[in-house]
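In what comes next, chain A is part of two complexes: it sits with chain B in the first one and with chain C in the second one.
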Partner chain A sequence: MISLAGRDILHAWGKFVLTSVGLGRLIGVTLTMAGVYRGMVDDARVLLDNSGADFWVVQQDTLGPYAESSSLYDDLYRGILSMAGVARAANVTYLTMQVRRGEGDVRAMVVGVVPGGPGEPGQPGYLVAGRHITRSHYEAVADAATGLKIGEQIKIRRNQYTVVGLTRRMVSSNGDPMVFIPLKDAQEAQFLKDNDTIVQQRRRTAANPAFNRPGVPDLLEAVIASQSANPYVNAVLVQIKPGYAPEEVAGSIRRWQRLQVYTRAQMEKILVGKLIATSARQNGMFLVILAMVSAAVVAFIIYTLTMGKIREIAVLKLIGTRNRTIAAMILQQAVGLGVIGFVVGKIVATFWAPFFPKYVLLEPGDAARGFGAVVVICILASVLAIRTALKVDPAEAIGG
Partner chain B sequence: MKRLPNNRTLALVGVLIPLFALFIYVALRSGPLAVTAVENRALSPALFGIGTVETRYTYKIGPTVAGRIKTVNVHVGDTIAAGQLLGEMDPVDLDDRIKAQQATLRQKEADLLAAEAGIREATARQTYAAAQAHRYEQLLSTHAVSEESVEARQQERQVTEASLAASLANRDAGQQELAGIRAELAGLREQRANLRLVAPVDGLLVARHADPGTTMVAGQAVVEMIDPASLWINVRFDQLRADGLRPGLPARIVLRSRAGQQLAGQVLRVEPLADAVTEETLAKVIFTDLPQSLPPLGELAEVTLSLAELPPAPALPNAALHRVNGQLGVWLIPDHTPRFAPVKTGAADLDGLVQILDGVQTGEPVVLYSQRALKAGSRIKIVHRLPGVAP
Partner chain C sequence: MADMRANGIHIEGMRKRYGTGDTAVEALKNVDMRVAAGEVVGLIGPSGSGKSTLLKCLGAVIEPTAGRMTLGADIIFDNGWKISDLRALRRDKIGFVFQAPYLIPFLDVTDNVALLPMLAGRPNGEARKRARELLAALDVAHRAGAMPSQLSGGEQQRVAIARALVNRPPVILADEPTAPLDSERALAVIRILNQMARQYETAIIVVTHDEKIIPTFQRIYHIRDGQTHEEAGEGRSLP
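Then we have the complex of A and B:
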């Protein structure tokens, strides 16, 4: 049996392939849009994965440290370490800021980690170049997305840091690349005012008669010293010992240390459900519209293709071809168009995804669902064309 | 008729096959990773800390009693010699009190002279009265005078004797009084001298806290001076990385204002008291040769201490170490599939090398860099350098 659809495609294969490629780009955009959403969720997940924590200890009644600001005394971790079931606990600070780099700057999330060594909570996991931080000051490990190179100098507040290592996919929930620096420097960076402000603050304190009392000469110095210290961190990352239930350990910290504790699942819920919820819905809305537009375009293309050969279909009807054969031809063409379009779309999406400033995650599952959707849309779209084709009057083949 | 469609079919297949090949490549890419081998290396561990320039000796000079400053003769930056007058406190009425004491002293000296004259007078009277009494006693034996007149002479003698004793006592009292007043005057002069602010040693004036006219409480410093030869750096080492810190270690000092210029020094002492709040161990590092131009006190300095070089042992870059299920280890790649092997680590240096005591053999290839987290059995591709990473 001759494949009518195949013959027709071969008849004008250039046009067919070009149309598929055009459609493919549209599908590529739709897949990318889904990838952008997945990337957003993935950014939130890698943020949690990369912190290497089983749970997060934050200030009471806050959703910190990512969704809300949280501030804890930096010696609280000692108490947490002594709780049963806690294997490791480490302070961490997060601060999103512009990191000065030569003349320009780069947006990054500065993470202050205890330079305890590889595998400690909060430490960057897999590097792609260089080494981990070994000095307790003035070294940085940056994400490759910042564009920084090993050995480069960056400036955070007033201190110069040398980039000693690079990571990949170490990002905040906003997709800002991370820069890891030693905790003490980060505490300072988070708190340190510019020099003018410090001088003004000293002057202001000195002008306050409550702090600058003639009878107590050292009081002013003591007050100023206490004003320029920062014993706070944003969270304590905790890893638990094997064999302990996370919820149990978290419960005892909540109860006895009077702090808020989030387990991995709760934190993911906060990040995905609250922090990126609005932008994710925005994205989803866009995806829905794009899918609808794509479906309309597919339907329109197939309809136009069918209309273009209406005369040939009339001839086919005239020579007594069965309706089923004509319908199958249009359907096969539509599905063929969809399949090639999907393949092109998947390829272009994969190739342009890395050029997006934020992470685009193309999941195989999404691709499979996308494929199903494309086929369904093509079938639905061909229905309209089939209806028109079947209604055509065989007389048109010799008329007009 | 048959050839034309065949050509077209070939062309279509020619387009579609690369397309699908590309699709399969795109769908099934594997993660690239770079490897390194465990090597025998001689590690030279080092410690890194930051500190501030301070001095061993700081002298805060001020009044011992509350008062107002009269003069301050020196300014910040002046070189001071031991014993130099730096300033003076306002004596208020102290000078007048000294004058009054001096006048009293002179008066008491005059009184003492008068008392001594009184003694001489009493002595003369007593000598005469004694002679008269003796004479009358002899006349009585010849009955030339009456007994009554003899008794009168004897009484006179007793009176003059008493008078002499009184004069002597008077002089003693005057002498005591004079000694008391002299001591009081000396005390006042001491107090006066105490109002002079004098440099205890040779040194450099670093702060002038108050100017003439300012009222100071007891113990508050008017000026501060240091001994510039006693400059040292108070260095803080993170307790996590302070193993091996001991006196005598050679140090490389980089002052914040002179980045790129390394100064030699050594650890003078490790403080027995660590900072419990900041979790740092403190040490004092001195310069081998004091810099020509002194760094300002309080300047930040980075200090690197070199520990003794260790004998060659298997070592790995710290980027190769990972913690999986609570165990520290490395990813080995036997047969191109990653396998996690727990290791025991030893000393580490500042360049990121870590000694491997146990767990892997020398020469065994180990995953160093990876774009994504590894799992046992993940698909991998070994590359020399990861894509997108500048050397």
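Then we have the complex of A and C:
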């Protein structure tokens, strides 16, 4: 038996292909939405992987440093470093801001790290150009996604920095590219006030009789000095020595340092389960809506194609074609439309994914699930057309 | 089934009523008709006379309310009783030719004709071989690979006749088969139908208003107000 659906598709291939291309774009958008979610999850994992830490030590009762703000004294790392099982510990700060670049600016997460080489917690894992930060001030390593070039000058708060290195895939959980600067500069940038505010603050402090005592002349100076310095960091990144159980080391830091410690698995749970959960639900809603729209489009197209063949279907029924042959023809066309649409969608999604500002990760597993969903949607969408076709009276071919 | 070709088609006391109660319409009232194997008869009547209803009953598309219809020795309808598989009966035992050819637009000429034997479960090769033989007999073999849209009206109608004949049915119902054709082509179609009727011992009923072809029938059934009257035709010889 010949394939009626196949012959019909070949006969009207132009119409069919154009329709499939339209549907394919819709499927491409759906696959991209799934890719956006996967990209967010991957960004979160990359953020954790690239930090080079086994633990994140943060302020008690916070989910910091990515999900909530966390403040720790910058000398706490020394105590952590002295604990059994701790190989390395380094302070780190995170600040998402607009980094000024010439006349424009770029959205970035500014990371304050202790100058050093690769392997140091917080440092970018690898560079694609230039070198690591070696000085304590005014040098930066930027993610290539910022568009910055080696030697370029950027401005963070009131200070100018020279880009000395470029890295890749170093992004925040929001997908913002990272700019690494020396820790001291970052600490200053976090709480740096404008000159007017500083003058006003000094005046207020001087006007406070508790701080400006004639009997203690150095007190006012000491208070003002403490107000202008920032001894805080957001977290301490910790690497453990080989052979030590992570949970054991984390437990002793919690107990003796009275701090919150998150392991890699816990931090991933916070990032994926809490930080990007709303975005994931948002994406999920879009996926559901797009799936419904795709189903409606396929149903409409298949119904329209079937209605255009009512006379032929009546003739087929009159000359003795089984209902299941007619149903199979419509079903095969619907699935064919879906398969071509899926192929087009996969191709367009692959082509346009790199142009999205945020990372879009198209996983083969998602593509396979998407293909299954498209086939199921096409089968469901063909039900209306099949019902209509099966109701066609063969007598319509005779007329009268 | 016994050989249906032996005695052609025979209907007796056929009635068809649409609706019930006060709104019931009696489309056929006690229709009798007999067409022998190898014979071509005309069925003529004005609009609303019951032609289409009779054609649908003859074609086993609708069931008559009462009466009996036999194909050869087999009973198809008998006062409310009907043969179990009307779809298979239509596929294997009744050929249809319509006013418009209604060829399947996405199948080429050969497959339009071969579709019926394929639907009946015959192998594709055998079905196509039979289709090509018929296309040759109807002088359209040279268009075997063409799509219906590439054929002239006359060629399309000959392909439709080939499709109606391909399963060697004992009866063919032709509904205004010459309406869209000029005189020459209309007479050519009737000539072909007569040839095929004789060659394949097929009973052919031609429903028509076409004055050009009415004189060619040996016998004509007139239908008016749901009743048929038989009369002898001129039986004018075909060019």
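Operating definition for what follows: the second predicted complex is superposed on the first by the 395 of 400 C-alpha atoms of A that agree within 3 Å, B and C clash if a C-alpha of one lies under 4 Å from a C-alpha of the other, contacts with A are read in each partner's own complex, and residues count from 1 in each chain.
Methods note: a residue touches a chain if its C-beta (ideal position, glycine included) is under 8 Å from a C-beta of that chain, and two chains touch if they have at least 3 such contacts.
Every value quoted in this text rests on a predicted model; they were computed, and no experiment measured them.
Novice: Quick one: is A:Leu337 in contact with chain B, with chain C, with both, or with neither? Answer first, second, both or neither.
Specialist: neither
Novice: Classify the contacts of A:Arg7 with the two partner chains as first (chain B alone), second (chain C alone), both, or neither.
Specialist: In the superposition, A:Arg7 contacts both chain B and chain C.
Novice: Once the structures are superposed on A, label A:Leu361 by its partner contacts, choosing first (chain B), second (chain C), both or neither.
Specialist: A:Leu361: touches no partner chain.
Novice: Looking at A:Ile398, would you say it contacts chain B, chain C, both, or neither? Reply first, second, both or neither.
Specialist: In the superposition, A:Ile398 contacts chain C only.
Novice: Examine A:Lys346 and indicate which partner it touches, taking first as chain B and second as chain C; both and neither are also allowed.
Specialist: First partner only.
Novice: If you tally the residues of chain A touched by each partner, is the higher count for chain B or for chain C?
Specialist: Result: the larger residue contact count on chain A belongs to B.
Novice: After lining up the shared chain so the two structures overlap, which partner does A:Ile386 touch, if you call chain B first and chain C second: first, second, both or neither?
Specialist: neither
Novice: For A:Val315 in the superposed arrangement: first (chain B), second (chain C), both or neither?
Specialist: second
Novice: In the superposed arrangement, what residues of chain A touch both chain B and chain C?
Specialist: Common interface on chain A, chain B vs chain C: 7, 10.
Novice: Quick one: which bits of chain A touch chain B in the complex? Just the residue numbers, please.
Specialist: Answer in residue numbers: 7, 9-10, 13, 17, 49, 52, 75, 87, 114-120, 125-132, 134-138, 144, 149-150, 160, 164-166, 168-169, 184, 214-215, 217, 231, 239, 241-242, 340, 343-344, 346-347, 350-351, 364, 367.
Novice: Which part of chain A faces chain C closely enough to touch in the complex?
Specialist: So the residues of chain A in touch with chain C come to 1-2, 4, 7-8, 10-12, 311-312, 315-322, 325, 393-395, 397-400.
Novice: How about chain B: which of its residues touch chain A in the complex?
Specialist: Within the complex, chain B contacts chain A at residues 5, 8-9, 11-12, 15-16, 19-20, 22-23, 26-27, 34, 48-50, 215, 217, 220, 237-238, 240-241, 259, 277-278, 302, 317-319, 321-323, 325-326, 328, 348-352, 368-374, 385-386, 388-391.
Novice: Under the touch definition given earlier, write down the residues of chain C that touch chain A in their complex.
Specialist: Contacts found on chain C: 51-53, 55-56, 59, 61-62, 87-92, 96, 98-99, 102, 104-107, 111, 115-116, 118-120, 124, 147, 163, 175.
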